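By written order: A, B, C and D. Residues from 1 in each chain.
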Amino acid sequence: MTNEEMIYNAPTEVKDIEVINTYDLEEKVGKLLPKGGFGYIAGGVGDEYTLKQNIDAFNLKRILPRVLADVEHPETTTEVLGHELPSPIIMAPIAAHGLAHESKEVGTAKGVSDYGTILSISSYTGSDLYETAKVVKGTSKWFQLYMSKENEVNKAVLDEAKADGATAIILTADATVMGNREKDLRNKFVFPFDMPIVSRHFRGSVEDEALNNIYLESKQKINAEDIRFIADYTKLPVLIKGVQSPEDARLALDAGAAGIWVSNHGGRQLDGAPGAFEMLEEIAEVVDKRVPIVFDSGIRRGEHVFKALASGADIVAIGRPVLYGLALGGWKGVRPVFNYFETDLKRVMQLAGTQTIEDVKRTELY
Amino acid sequence: MTNEEMIYNAPTEVKDIEVINTYDLEEKVGKLLPKGGFGYIAGGVGDEYTLKQNIDAFNLKRILPRVLADVEHPETTTEVLGHELPSPIIMAPIAAHGLAHESKEVGTAKGVSDYGTILSISSYTGSDLYETAKVVKGTSKWFQLYMSKENEVNKAVLDEAKADGATAIILTADATVMGNREKDLRNKFVFPFDMPIVSRHFRGSVEDEALNNIYLESKQKINAEDIRFIADYTKLPVLIKGVQSPEDARLALDAGAAGIWVSNHGGRQLDGAPGAFEMLEEIAEVVDKRVPIVFDSGIRRGEHVFKALASGADIVAIGRPVLYGLALGGWKGVRPVFNYFETDLKRVMQLAGTQTIEDVKRTELY
Amino acid sequence: MTNEEMIYNAPTEVKDIEVINTYDLEEKVGKLLPKGGFGYIAGGVGDEYTLKQNIDAFNLKRILPRVLADVEHPETTTEVLGHELPSPIIMAPIAAHGLAHESKEVGTAKGVSDYGTILSISSYTGSDLYETAKVVKGTSKWFQLYMSKENEVNKAVLDEAKADGATAIILTADATVMGNREKDLRNKFVFPFDMPIVSRHFRGSVEDEALNNIYLESKQKINAEDIRFIADYTKLPVLIKGVQSPEDARLALDAGAAGIWVSNHGGRQLDGAPGAFEMLEEIAEVVDKRVPIVFDSGIRRGEHVFKALASGADIVAIGRPVLYGLALGGWKGVRPVFNYFETDLKRVMQLAGTQTIEDVKRTELY
Amino acid sequence: MTNEEMIYNAPTEVKDIEVINTYDLEEKVGKLLPKGGFGYIAGGVGDEYTLKQNIDAFNLKRILPRVLADVEHPETTTEVLGHELPSPIIMAPIAAHGLAHESKEVGTAKGVSDYGTILSISSYTGSDLYETAKVVKGTSKWFQLYMSKENEVNKAVLDEAKADGATAIILTADATVMGNREKDLRNKFVFPFDMPIVSRHFRGSVEDEALNNIYLESKQKINAEDIRFIADYTKLPVLIKGVQSPEDARLALDAGAAGIWVSNHGGRQLDGAPGAFEMLEEIAEVVDKRVPIVFDSGIRRGEHVFKALASGADIVAIGRPVLYGLALGGWKGVRPVFNYFETDLKRVMQLAGTQTIEDVKRTELY
């Protein structure tokens, strides 16, 4: 632990919040958080072309209002990998929630559990998995894995995740090297607290938790063999996260992936790449409904959820908006963010003439 | 009636106004009106992408100047559903004119009648239908219906509209749930006065006229049956407003609609939808001149009127600009707005080499 | 003559000027001229979409640099309707040069004559044709006609133009009604001086030289018959100015036009029209080299001249930039503007590997 | 030598620098350098459309992240014309490094040599070739030639270059006339120091080293014969620099060019031309791997290097960013710029699933 932790003032307030839109939340949080932490959460890579394109790309396809479709009270309930969900909106794995609020992942977990959707937990969690697992009631925990170069480390981490109740493993495959995050370089950003899984399991016991050092520990060569290994070892479904090319979707399916997670890491890895949404439809054609597709990167409104589902996603994951809710209200600030998305999605579903999530998936965008 | 009405200072001045363009009017009115009222009138939903696209989309098609077309003194007179009109420009149904001027719908009606075109009256009128009807001389009144879930309520409302002289019913089908109007949320906007039809007929006698409460009273499931019911019950022509999808146009025609009203509610319902003008041509192909097409959403200049007519509309409706005229000059401020559009349209017709409205409709845009 | 003339302070300085680019000139002149005069010269119509598009449209086609083309000292000399010219750049007809400089059209004429290209003179000249003609030495004068409704007036005007040495007539056909020039409306702009041809010949002896009154005098119905009449009456070549539609080009050619002048009046007539350059190629296909094509509207750089020639124009005309030169330096400020364009064009010709104007015309843009 | 040299304060500091991105360097240097020198280095021609498009055009093709590609530790080593290189990034020929730093080309050469890549030296070098050659150890020097109209001058210059160890000649063919550099005109920019090759060899011994005078000395008519002459006379490979048209690539290959250098002179010659990157793929098809392709103009990030290689380039050259490094840290500021590009390229290669430069070249962009 470094001196920096002493001076990182994460918010501590716990309260209900109002969500008019998620951009407002980002703006408020930008004023609330220490610069380094906010830069890490909100920033992208390089010119932030891809970060911006993640949101702009949604306007490449538009939703046609439907007015004589005879629907009312649209239902957002759905199912993925055997889990019943109140809406097709789950929590994305995101590192170091402690940057947003002193309650860290435990705060997020309590809020997500309160809403009742799937909680993805990052290898770079700041809270202990066990502590986090304790506060989650009745909802599923998916564990996100950054692979170590050492298989024994991977086994130990997976053992712990499984022991603490993970029902699926998310293999993040698009972060084999740290993206070019200029905000972090400018801020000379170092994680201001321990990350239990990193500390306990990753070789070399990282003294200085600078981003580069952490990434250096992780495995760069990820391939089909890794998917098979995780599936065999854990007997859990494995979702491959970071898929943007149809070829990778094919490889993942052939290797037995239980889900394809279309994402470009929120514009945090490779700049000059397309908006994540731009690749969704083509990948969905490859997947051809054989396994579920999760989509993240750029979801900020109910319209975006609708467009992602209508383009092939079964579920979307949100990350930054939830951390903004956490920053503003601790665990009580999390559920309002999910409620906002659900309410907004329902409104869009009504106006687009769709009664169910299956109707949304059958909708043709314009 | 709430306390808020006491403090909502609607303009009261009655005077002739100069109209250089309608954007100037909006800017002036933005300084004149209470924030809540102006936000309600001018605002759109969500990111206001669709609100902006409604106007920007007109640049997707351009008008070719014609110079040897041998025309002069272009004529804008036209006809719709048996009504002779000085121009193809009518008044759109828009709620709560009292937000713009103390004379409410009565002021608008007097001005529209002075110009001599069709007046559409909203279910959410702030003036009494009977009072409004009294000031309209020689021009037609179309009544816009937000359907209630209760058919008896619908019958009572339609009875009143018919008794007060409505010659057509506009069924608004694209507002079965309130759009995501963030300005209203920020302003915590509540209608600052009674709406007679809402108060008298809608069940539950809404105490607090917050927008959501009003919309909750309205019917969500709108279908072909509703069109047939209104037509049978009133024996009046029924226009279906809010059509943006060709499929809805087909359904409406099959159900006996007497007119298709292409609109996206002025960008006030579903954001992430195309600009209303973008859908006009495709819908016109479906309608195939069997019934008239009315177009609104984004008309701010004579060029826009021309482009809408050349893309399949028979008539356009204007809303916000008229309310701006009303705000600035009461009933005397209304006619100058219509005159502006007519004059501007004539200029465009001359420069585009078109003598009559029928010529405009035959024009190919570039 | 009105009181306004007393207070319109047109610049009076006569001096050589430096031209780095023509945008700088506009900026300087904007600070120098009375607001009304500058607004009239620089402004467009409506949203100024077409005004802006006139320049932006040039980027729709790009020039490929050529490097092994074996050219040097490119030659810009060319010929049109029998006139030898130092470059394919002539003076456009533009009204009321007195707004820019006290020397009025006489100043422009002296400068244009100094450069040695064709001078177009507007019907709305502020200087007397005879006075203007006197200062022009060795170069051609083309007279631009706004037709009157009265043929006797047209004859008298044409007689005077011919007597003063006009060698061609430019029939402006795209200004049969005044465009929607909001700047002029805001400035309540009235011409601050007499226009001799208007005063002497146009019926009704306009007291108040407001723009609308002037345009009201002009003929709206222009057709093939008018072209034949002017050609027969004057025995001079007649160029039809304002052509943007292929159909008008066809009509003009059939009626015996000696030249097609592709222009949208500098974005001053019909807003929502394409950039003038966008229509050039299609019209050139119709004209098929039977008569020369003159192009104006948006020419601000040598690159624009090159692109216009490579897209079908034989000659380009410049207007506003010349008036800016006149404003800044009187007659001595005019030639530097033409020199700027010629020098810039030569540079572009060299870099694009073209030795002659004919080579430029054969160039394919990218 | 003029008085101006006395007052041109080139930076003198020698120190290591941090490179977060090259835009930051430009910004810092803009504050550090005299206006005239910075304008010359950073500026483009005309509207700077092409300068901007050089960078923007990279977004026309995007890189697809690859995640199951099984790569790690990507290697950037490559080879061109027999030279082994640490990365496909070489130093572009650029004039007058003395504008950036008092150490002039000698400083750059020392830094480039330290990194270990090819150094291109301009005819307009401010340092003596011999002095520059002395500091270069173990890396190759390519000499860039602006041809004189006099063949004897060309021979003398080539003799000197060869004597000082040049291993290839870069014939710059796109600067047969000076581009329209408005910044230099505004700044009345004159080179503030002697350029040894210009002074010693170019006829007329230019007293006043204004840009135009220098360019006037150079040959305008460049053709296939010139390529043959240089190749025959020097027996060195000749690369043709400034190729943007497929036709020029064909002509150069037929004349025996040993390399095609795709470039638009960094947007410094012909404005209104495409971004250089836009032409790369089409030219690569013509070249068809018969000779290497070097690409410059707009390379500012590793993503750009990747996209250029994936579009047909074998090597990219960087110019301005290196001069910014030189300005900020003298010779010690040069290598960090190359390291930045190499590191960034490696990151992109990893994230795009490419192990070697050959893999990059086989990548399809999206």
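Everything that follows uses one rule, which is that a contact is a pair of C-beta atoms (placed from the backbone, for glycine too) under 8 Å apart; a residue touches a chain by one contact, two chains touch by 3 or more.
Being a predicted model, the structure only gives us computed values, none of them experimental.
At the far end from chain A, in terms of centres built from Cα atoms, lies C.
As for how the two copies chain A and chain D face one another, under half of their interface residue numbers coincide.
Centroid to centroid, with C-alpha atoms defining each point, chain A and chain C lie 61 Å apart.
Look at where the CA atoms of chain B average out and do the same for chain C: the two points lie 43 Å apart. In chain A, no position touches at least two other chains.
If each chain is drawn as a node and touching chains are joined, the picture is one closed loop, every chain linked to exactly two others.
Counting only pairs that meet the touch rule, the chains in contact are A-B, A-D, B-C, C-D. Only residues 20-21, 58-59, 62-73, 301-304, 306-307, 344, 347-348, 350-352, 366 of chain C touch chain D when the two sit together in their complex. Against chain D, the residues of chain A that register as touching in their complex are 46-47, 49, 173-174, 176-180, 182, 185-186, 220-224, 227, 240, 242-245, 247-248, 251-252, 255, 264, 269-274, 279.
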